[in-house]
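Naming follows writing order (A, B, C, D and E), and every chain is counted from residue 1.
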Amino acid sequence: MESYVYIALFAPLVSSLFAALFAQKPKVQLVGIATSILIGAALVASVILLLDIEETGKAVSVNLMDWIVVGDLDTKFGFTVDQVTVIMMTVVTLISTVVHVYSNYYMESDKSFNRFFSYLSAFVFSMMILVMSDNFLGLFIGWEGVGVCSWLLIGFWYHKKDETRDVNPSISPSWAANEAFIMNRIADLGMLVGIFLIYWNLGTLKYTEVFAHIGDLSHAMLVGIGIALFIGAMGKSAQFPLHTWLADAMEGPTPVSALIHAATMVTAGVYLVIRANPLYSQIPEVGYGIAVLGTFVAIFAASMALVNRDLKRVIAYSTLSQLGYMFAAAGLGAYWVALFHLAAHAAFKALLFIGAGNVMHAMHDELDMFKMGGLKKVMGWTFLYMGIGSLALSGIYPFAGFFSKDTILEVAFNEHTYGIWFVLWLTAGLTAFYSFRQVFLVFFGDERYHEIGAHPHEAKPYALWAMAPLAIAAVTVGFFKEDFVEFVTKFLPEYEMSEHTEHMVVILTIITTLVALTGIVVAYLKYAKGLKRDLEFEQNNKIYKLLYNQYYIPVIYDRVFAKPYKELSDIAWKEIDMQVVDASVDGIAKFVEKSGDASRKAQNGNLSSYLNWMAAGLVFITVIAAIAVAVQ
Amino acid sequence: MSNILTVLIFFPLIAAILGLFVSQKSIRVYGITVAAAEFLLSLWLWMSFDTNEAGMQFVEKLKLIPEFGISYYLGVDGISLFIVIMATLMTLIGIIALSVKENLKNMIITLLFLEVAMVGVFVSLDVILFYVFWEFSLVPMLYIIGAWGGDKRLYASIKFFIYTFAGSLVMLVGILYVAYAYYSTTGVWSFSLTDWYGLILPFSVQKYLFWAFFLGFAIKVPMVPFHTWLPYAHGQAPTVGSVILAAVLLKMGSYGFVRFSLPLFPDASVAYITPVVIIAIIMIIYTAMVAYAQKDMKQVIAYSSISHMGIIVLGTFAMNVEGIAGSVFQMLSHGIVSGALFLLVGAIYDRRHTKLLSEFGGIAKVMPNYATIFVIMTMASVGLPLTIGFIGEYLSLLGFFKVSPLLTVIAGTSIILGAVYMLSVVKKTFFGPLTNPENEKLKDLSTKELTALIPLVAIVVWLGIYPKPVLGPINNSTKALVQLMHKKSITPKAQEIILVSKDKGVNK
Amino acid sequence: MTDLTTQYLILSAILFSIGLAGVLRRKNLLMLFFATEIMLNATNVAFAAISVHLGDLSGQMFALFIIAVAASEVAVGLGLLILIYKKYGTLDLDNLSIMKG
Amino acid sequence: MIQLPDFSSLNLITMSPMFVILLGALTILCIDLVKPNLDKTLYVVLTMLTLFIALGVTLSLNINERGLFDTILIDGVSVLGQTLIIAGSMLFIPLALTKRRFHDFSYPEFFSLFLFMVFGFQFMAASDNLILIFVGLETGSLALYTLIAMHNTKLAHEAAIKYFTMGAMAAGFFTMGAAIIYATTGSVEMYAIAKVLQDRMGEAGILIPIIGGALFMIVAIGFKVSLIPFHMWTPDTYEGASAPMAGYMSIVPKVAMMVVAIRLFGIYMELNIDIIKITIIVLAIITTTLANMMALVQKDVKRMLAYSSISHAGFVLVAIALDTTKGYSSIFLYYGLFMFTNLGAFTMLWISRHKYNVHHDRFHHPYSKFAGMIKIAPISAVIMAVFMLSLAGVPPFSLFWGKLYVLSAIVDSGYYGVAIIMALNSAIAVYYYLKLIVYMFLKEPDESRKNVVYANRAFSLELVIGIAAFVTITSIFYIEPLMSFITDLVGASGY
Amino acid sequence: MEAIAFYIFAILITGLFLVTVFSRNILYSMSSLAAGMVLISGLFFIIRADFLGAVQLVVYSGAIMALYAFGMMFFDATRDVKEKNTSKYLVFLLSGFSAVALVVIFSAPAIGKHIEVEPIAKGLGHLDNVHAIGAVLFTKYLIPFEVAAVMLLVAMIAGIVLASKRMDESLSEVYVGTDPETEKKEQK
């Protein structure tokens, strides 16, 4: 089985390097095909591993080589494939494969076609390291690796220029890329601190060893480690307050958004919490905090999605919101639930994004939903896919979201955290509303795209075919819930609903479905018949503006952090470094020179004054001697 | 070959003198050949280095002034070995990438002299010999900056010289005091470092000596507030000067901390962890901010050097194997990465004769290879795992975390701030539309530049993924160093802080 | 014989200071040299007095050699003065200040 | 009747070096009388031979002997002092053989006066009798004033008269100091002075005359070794005198006076009179610092070197106040090394001596004269740079070792603050040495003035520079034997 | 008797030297100097330092004054000398200081005491001053005496050289401006 581990891990690397060979050449179709096949190989390997583990129930571990061996620190490139990992691997490789294939279509006329595939495969490689590593430092490699790939891919169209926030809320791809990288770095510091704490307290970073001895530590230390690691997770999974980068990351090509900013990378934080479940189950108060934060983010992001007009941003906010759900579940101790929602969400969210990609292509990169409408006619398949995705997202039976999201609500109910339950429930309604607002705005109503002179067309068939697996997954995953539970609970703690909750399940399901349906209906009523804009409302309603401007958070960050930092830096350089530090150094030099100039005046060339100085010297040394006497 | 170190020191010297007879036309080839031979020699040193041995190897001792205890005493251990190799490598690469046209012969001969001094500093085990090379290294650098530098080259070179000279003179007084203390204890004069390692000084003495040595090293590193010579030196120096300055000369200071301050004054070093580290942290954060404010590409790299040197100092004062080994490794990584970054800035400067960020933008389009290598080096600079930059930074922070978690967290902001200024440079230079028409015709990296840069890229990746060949010897020697410090320390605080081995954890 | 040694020494001190005052205030080189002679003479008085007081001849010997030195100084000094006078046309040392700083 | 000592106890051999020199001087005078208008080369060679013999004789002296009614003392210090004096003179004399003709060297009297001067200085080094020291000092000084004036330029005359007048005043101070000492101890011989003071230390009020005498002596000695504020003649005289003479003045008279200072202050140090110690150290610090500061702002290399030699003198002076063998030895080591480097530097100026002040109205050796020298005369530039770096104390050049030993001696005695001040002073000093290097290496030459740099070039000058450069560069190889030679001699003298 | 003589001499010498130092006329100045020196030799005679007194009289009053007079005539300095004295106070302060310092030193109790002095030469006790001095001068102080002789020779040569006509034209003089040789070469 080890060889499959290697295939799964290194096929993406080979793919990336292969593509990199052609990085500066014009488009080579072979690159797209070869990388897709290589990633597909990784998928196959992952599936084989999945089946194997399903069968044997034993994790597969490999040790590649030593990495950092210093002092007592002994870090190896060690990989282990257990139940959680293999699920993640499968999800990652599946979506990656789809995205790779789809990108052949999406990027077909891009000059940097080859470069794109190189980055994309590099991302997959990093993600595989992230999920497969058997220690925290390996995880961190992947963690940073995906960060870089994300940076490269968000900034893929680096040549676009910076705009003001009014024109483009993300300013520019390169700006968004930097924002994402830096925000993630903030969180990574937390992650590093967690790793340091683990190392100095346990002397190892290997999961199995760490979690075996986690009980030896004091509670306070566990809380510290838990919080530090979660800070890391917050960055990657774009939790409040580090969430702004995710929406801006939509500047990247759409397949990137599908792969990275919906399905895989952003779920790394959730993966970390799930992976560290032995730790978090020891510290339920931190878990509760995570759940509360997740819940908050769920509704917070959903609220922003309500009014946004940008096709991709809406999906991005919905991703944020769904990540909130996952954290809520994980925080409450229902790790497998979180993982399940992760997997399901990956499928339907990738589907939605890719669909959005089709729409963008059709609309010549126009993203404003208010300028679309009636696309159903020309883009039937896309409509179908996005409809499935939206239904899954809204949690309508029998789509995947129904099973995963409902379980989260049940967990919240079961934990007697009714506040969380209520907010999540409400969010479910909002989710349904904005997803279908999107669907209706894009595919129904009047054909507003004529105004901007677009000639929409359906995507190429192979692109549509490529989307099929995702659609199938979005529809069918829910039915494998029981198998899934059985499979992962061999590794993850089981989560038993209380009897009370068991009774309530049906009612809860109905309530949730109702609120989702309400959302869909409201969206239908408001948008399906065509767009009726209430400009006065848009301009004057404070809540609308607040939501539309993302609670002004990017602006606040700009004003509170970015600008003062820039100003402070300028002060540090111009005022402190040049005026104080350097000036005092030069000042000493100047002082010495001035003193030299001053004492040189005594040397006035006049012999008489020289003689006077000499006599004065006698006085002078007498004074020195007198002082010496006095001192003694 | 037991006298390989002597060969290593004096081969460039002889080559430099013989170089006077080589004609201007063929001097470049000569320089490359000599530097390559020297580099191969240093590799041979590595090959014949016993990696399991923690102590000094290839020791040579020849009495120079026996009466006064000064000897010609050389040796390398895991700590110095790789810095020596880096010095020879960076010289080779510097010469390969030379874009100087005027007085090329003088430049190459000067570089070879500089190489003598650089190798000498790191292999000297006699303190006076060390000091001789240490001071002598200023002279060729002065000439390089002063003769081939920018508009303010004279100011910059003199500032560089006098500033470092002043610091090292205070250190000289400290050296003489230690020698005297050794003399009063043993009755023999000796300047050999290994002898001094056996000397246990009372704390009241250590504290003054620590600061005397500190001043010398701190200016060289350079630590805030003694750093202002560096931006000038870098800003004015020709590319090769910056490369060697950043890659090797700054390391002399941090190497001094590891080689002298810690083992000679373990108690004082421990007692002054807090002030030193606070300076280091100011250095990390403050210079990162200053770097962000820069308008000149090279100044950004210059200030980033200071920031990274802060991490090195931090790791050194962790007083445990992880931190010190990390800081030694970080010296190498910073050498390679900042050297490469300066080469890159030099490449663009050769084309455009400006380093102002505002002149550029969008040049990734016209210079893709250049952009790729720059981004790789940027990533190494911000400490991305699997590049060389991560390991040192990570280990330094990890090591110091044991001493003070809070300070480490503050220092750790370097990973954020580093990203801020480096990415902002990348963005301003490479991204965005290509607006400046002068940039449209820029040529991508030439073969010459690629020859210089690709080995560095390879090292960045290789040591990022498989650092063991380098980290192993460093680890061994650092362990020995920490054990020595622990054995020597007299104050209880030092006994506690200097950590030979972890006392907690699974592997205890 | 009353012991006047202290008085002699004080006289010497006063004469020395007079000489010093002359050296310090004179601008004419020739007259400045007069003052240096006074200084040397003053020490002669001191040496002679101590010598006699102690009954030791070293002091008188010293005084003797001081006289010889004074004579030689006069010779060299005058030679220099003549040179200066030829070149500068004056003995005022205020004019001898080309070199300064 | 007086009992005459028997002839052998006179120990005439002790004054053989001086005798050789005297003989040489008289020979030159006689030759000139018999056959005038001979070429200067003859005199140069004769002088050289005389000095050579004298050096050999000096080095073959048995040490710790007194002779000629105990007025002459040949101990290690005096041998060292004489060796330095003669060696310095030997380095100086070839500089007479220049390409251009100069007034001073055209006189045969120059060479005999030169030897008389050496003769006088030798007695300063080789006696502990204040009378003989004074007479020797005046003999040497008077000859020196004359030699300076014989260069026969307007500035040389001014230089000589300034030096002479201040010297006359200093002579007054010397005699008054000696009178005070004599009044206190009843002796003019230092060993007796030391003995009497040792006995009288306990007496009430004894410190006043002791310190008083010391202060007057400090003025006189300070004048000769040019300590601030008794240094005022130094820059002007160096500027006015010919370059080799200036270089000579920065070493030989100072060495002679340093020997006297060692002997005299050694007495006080032995008595542990801290006040004098402190006074000397403070004076040394002030001298070094102020001289460095003033050197910093000079525009003329010769004046800069003048100030630099003041600061070096201050630096060395500290070693006197330490009263350790190492301290005293380091003085000789320092001056020995300084001699070659500094004379080398001055010779470099001498090579560029020409008839016209082309770069500056007043200064003959402004910095700008040396601009771009690396392009005109690369080897000269490199050698000059080596001299400058050596003066700045950059290893591995010779003066670094001198500095190392002096600093080490200071540190050994526990004066850490002083050591640091002196060390930092070197950092100030390095600026003005670097300034010349910067001019030579980093500035563009003035194309039309190229030949100026070599105006006075001659083989003998190049030879001296070559020797000086060789000694400066290869110092590391001979420091050990040199230092043990010096330490043995100094130690044998009881210091 | 001796005391009275001393005080009279002392006052006279002080007065004369004050004239020497402060007179504007070089002639007065020189005459008073000569007179003062003669009187100093008188002091020496009072304390029985006969030989010293004689030498003082001969060398100073005779030789030195003759030299000065010669020099003075050479410079034609019979007129009043115009001097721009910078600061009177500084002069008085400095010389006053040295006077006070010397008086303090010389009146210190340690000075007056009798010190047991090792005789420079044995068997001088019965000789008078001149004989004793002669004896010492040619034994103990033979070498200083010889050196002094050399010094006088030096002074003589110096005087001859410096005052000679040969010094009127200089081979070494430095001129301001461009070297004509250089220009010639450049023109070629």
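We take it that contacts are C-beta pairs under 8 Å (C-beta built on N, C-alpha and C of every residue); 3 or more make two chains touch, one makes a residue touch a chain.
Since the model is a prediction, treat every value here as computed from it, not as a measurement.
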Check your understanding: Through how few touching steps can chain B be joined to chain E?
Key -> 2
Check your understanding: Given the touch definition stated above, what is the smallest step count connecting chain B to chain C?
Key -> 2
Review point. Relative to the centroid of every protein C-alpha atom displayed, which chain's own C-alpha centroid is closest?
Key: B
Exercise for review: May I ask which two chains are joined by the most contacting C-beta pairs?
Suggested key: C-E
Review point. Using the average of all C-alpha atoms in each chain as its centre, how far is it in Å between chain A and chain E?
Key: 98
Review point. Between chain A and chain B, what's the gap in Å when you average each chain's C-alpha atoms?
Key: 36
Check your understanding: What whole-number Å value describes the gap between the mean CA coordinates of chain D and chain E?
Key -> 26
Practice item. Round to the nearest whole Å and give the separation of the Cα centres of chain C and chain E. Key: 4
Check your understanding: By residue number and range, which residues of chain E touch two or more other chains?
Key -> 90-91, 94-95, 98, 101-102, 105-106, 111, 115, 117, 124, 140-141, 144, 148, 151, 154-155, 158, 160-162, 167
Check your understanding: In chain A, what residues contact two or more other chains?
Key -> 589, 600, 603, 605, 607-609, 611-612, 615-616, 618, 622
Check your understanding: Where in chain D do residues touch two or more other chains at once?
Key -> 131, 135, 138, 142, 145-146, 149, 154-155, 161-162, 165, 169, 176, 183, 186-187, 215, 235-236, 431
Study note, to complete from the structure: So the touching chain pairs work out to A-B, A-C, A-D, A-E, B-D, C-D, C-E, D-E
Revision key, fill the gap. Residue positions on chain B within touch of chain A in the complex are 159, 162-163, 224-225, 227-229, 286, 289-290, 292-294, 320-322, 325-326, 362, 364-365, 368-369, 372, 379, 382, 384-386, 390-391, 394-395, 397-399, 401-402, 405, 408-409, 412-413, 415-416, 419-420, 423-424, 427, 430-435, 465-468, 471-472, 474-475, 478-479, 501-502, 504-508
**Study point:** Complex contact set, residues of chain E against chain D
**Key:** 101-102, 104-106, 108-111, 113, 115-118, 121-124, 135, 139-144, 147-148, 150-151, 153-155, 157-158, 160-162, 166-167, 170-179, 182, 185-186
Study note, to complete from the structure: The answer for chain C against chain A in the complex is residues 20, 23-27, 93-94, 96-101
**Study point:** In the complex, chain C residues that touch chain E
**Key:** 1-22, 24-28, 30-31, 33-35, 37-38, 41, 44-46, 48-49, 51-58, 60-61, 63-65, 67-76, 78-83, 85-86, 91-92, 94
**Study point:** Parts of chain A lying in touch with chain B, wherever the complex brings them together
**Key:** 23-24, 65-74, 137, 140-141, 144-145, 148, 151, 155, 158-162, 172-175, 178, 181-182, 185-186, 188-189, 192-193, 195-197, 199-204, 209, 213, 565-566, 568-570, 572-574, 576-577, 581-582, 584-585, 589
